[in-house]
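Following: one structure in structure tokens, then a few remarks.
Letters are used for the chains, namely A, B, C and D, taken in the order the chains are written, and counting of residues starts over at 1 for each.
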Amino acid sequence: MPGAESIVSFRVRYSETDQMGTYYNSRPLEWFEMGRTDFLRNIGMPYAGIEKKGVLLPVIEAHLEYRGRARYDDALKLITTATMVGRARIRFDVRIVHADSGAEIVRGYTIHAFADLSGKPIRPPAGFVEAL
Amino acid sequence: MPGAESIVSFRVRYSETDQMGTYYNSRPLEWFEMGRTDFLRNIGMPYAGIEKKGVLLPVIEAHLEYRGRARYDDALKLITTATMVGRARIRFDVRIVHADSGAEIVRGYTIHAFADLSGKPIRPPAGFVEAL
Amino acid sequence: MPGAESIVSFRVRYSETDQMGTYYNSRPLEWFEMGRTDFLRNIGMPYAGIEKKGVLLPVIEAHLEYRGRARYDDALKLITTATMVGRARIRFDVRIVHADSGAEIVRGYTIHAFADLSGKPIRPPAGFVEAL
Amino acid sequence: MPGAESIVSFRVRYSETDQMGTYYNSRPLEWFEMGRTDFLRNIGMPYAGIEKKGVLLPVIEAHLEYRGRARYDDALKLITTATMVGRARIRFDVRIVHADSGAEIVRGYTIHAFADLSGKPIRPPAGFVEAL
């Protein structure tokens, strides 16, 4: 049974390019976050709401493979899926492709702990794992 | 009697360039903030300490004039001065120049309110105006 | 006869917040750029195309008034209009408001020169002023 | 025989924090780049000069482990080393620690290809491997 998937369409901002003429290498981590935001909203667990309940999702690991260029104003598609890693961690897998050709630009993942406001590891909020 | 002045030396990061080959237009506001941080430390009122006392300095107005290009790894100099605007606002005037030639890159200012954690305007912390 | 207007809807990214809990003060300049991109596409003069013809639009002046807070994931609306300033400059006026309440967050403008790849001022591309 | 090592001291900018009160997760990639810039300058192969000769070093892989928090204005230390990966790739290993306590904040690496302006893989510039 396949899990939930989020697809976000967006365009590369000029501010996200660098003098090499393509996106700067840290931008995909900001795009990954758009994917997580959309994913969590889609499963009925918007992150803004999670934080208001005192649960944070700090990133503890990130991995990126840069596969292709994307230029200013290129239309991209961000595909995000998620799985629990043990009982108190979640992993988001992300692919970013050109919206028209499907050519891959970046793939990677981030792993997040569930933590309280002091940074202490905690369990996911009630209903989270089921929603996933 | 001239007021305090801060001078910060730094280099343009690759992440701060864009495909035009010079710094992206929002970066100077991030550089201005380095200048404020240094300025406030110099007068014995480090901003991290001010915030810990519950006093914020949100920007309420910013103005920038872009005078010249600066490329990746260029050595720049950031000169910051400050003056009170009435009793509860402060204005930082900033110039950014090439470290070697002195050629101007950006000049501008930001105006900040003193506010408490709820955003309500307040007076500067004790000793602040005197330190200035 | 009113000129063209662009309206872009977007949400505040987590990466755009700072520890004050609202958007960092340089982010609106990045949002302004999204507005310009959309505006120029709407009038049939997409900026990516303009640059390919060797015409750049570097910012020469920017002004921002910060009017209200916007938090992570807040839905915002960016309204952009434009007017020529003399024969070789263009000014974009921007307002950013909360999508639901209409409460204003930022207003400001940027002024841009038309320049060739060497940075020399030039006239707008053929048809630009008419399209505007 | 140990290789070259670069150490860069810097402070966390306010613009690099997010509403969680620590650095945003994409910022370390921007700091890693400061480390590479310094490392390459130290071995007599400044990256700005390499690019002028038509050699680019696009990132093809990045990995980050987030080990600890760092707040606005915290003094950090960035340690960078590098090794060739085969004949046409270079890997930079990076650790970021608190300047005073030495407590680790982030560790990770980036792998880069040597490429010409069209993106085609090429060998490192003459003298590069020896300088390393």
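Please note the rule applied: a contact is a pair of C-beta atoms (placed from the backbone, for glycine too) under 8 Å apart; a residue touches a chain by one contact, two chains touch by 3 or more.
Remember, predicted model here, so these are calculated numbers, not experimental data.
*Asks:* When A-B is set beside B-C, which has more C-beta pairs in contact?
*Replies:* Answer by contact count: B-C.
*Asks:* Taking each chain's centre as the mean of its C-alpha atoms, which one ends up farthest from the centre of chain B?
*Replies:* Most distant chain from chain B: A.
*Asks:* Whole-Å distance, chain B centre to chain D centre, using C-alpha means?
*Replies:* Those two chain centres are 27 Å apart.
*Asks:* Where the centres are mean C-alpha positions, what is the separation of chain A from chain B, in Å?
*Replies:* 33
*Asks:* Can you work out the whole-Å distance between the CA centroids of chain B and chain C?
*Replies:* That gives a centre separation of 23 Å.
*Asks:* Where in chain B do residues touch two or more other chains at once?
*Replies:* If we look for residues of chain B contacting two or more partner chains, we find 14-15, 20, 26, 29-30, 33, 71-72.
*Asks:* Give the list of chain D residues in touch with chain A in this complex.
*Replies:* So the residues of chain D in touch with chain A come to 20, 22, 25-27, 29-30, 33, 56, 58-66, 69, 110, 119.
*Asks:* Please output the residues of chain B touching chain A within their complex, sorted ascending.
*Replies:* Against chain A, chain B makes touches at 14-15, 17-21, 24, 26, 71-72.
*Asks:* For the complex, give me every residue of chain A touching chain C.
*Replies:* Residues in contact with chain C: 11, 13-15, 29-30, 33-34, 37, 46-48, 51, 71-73.
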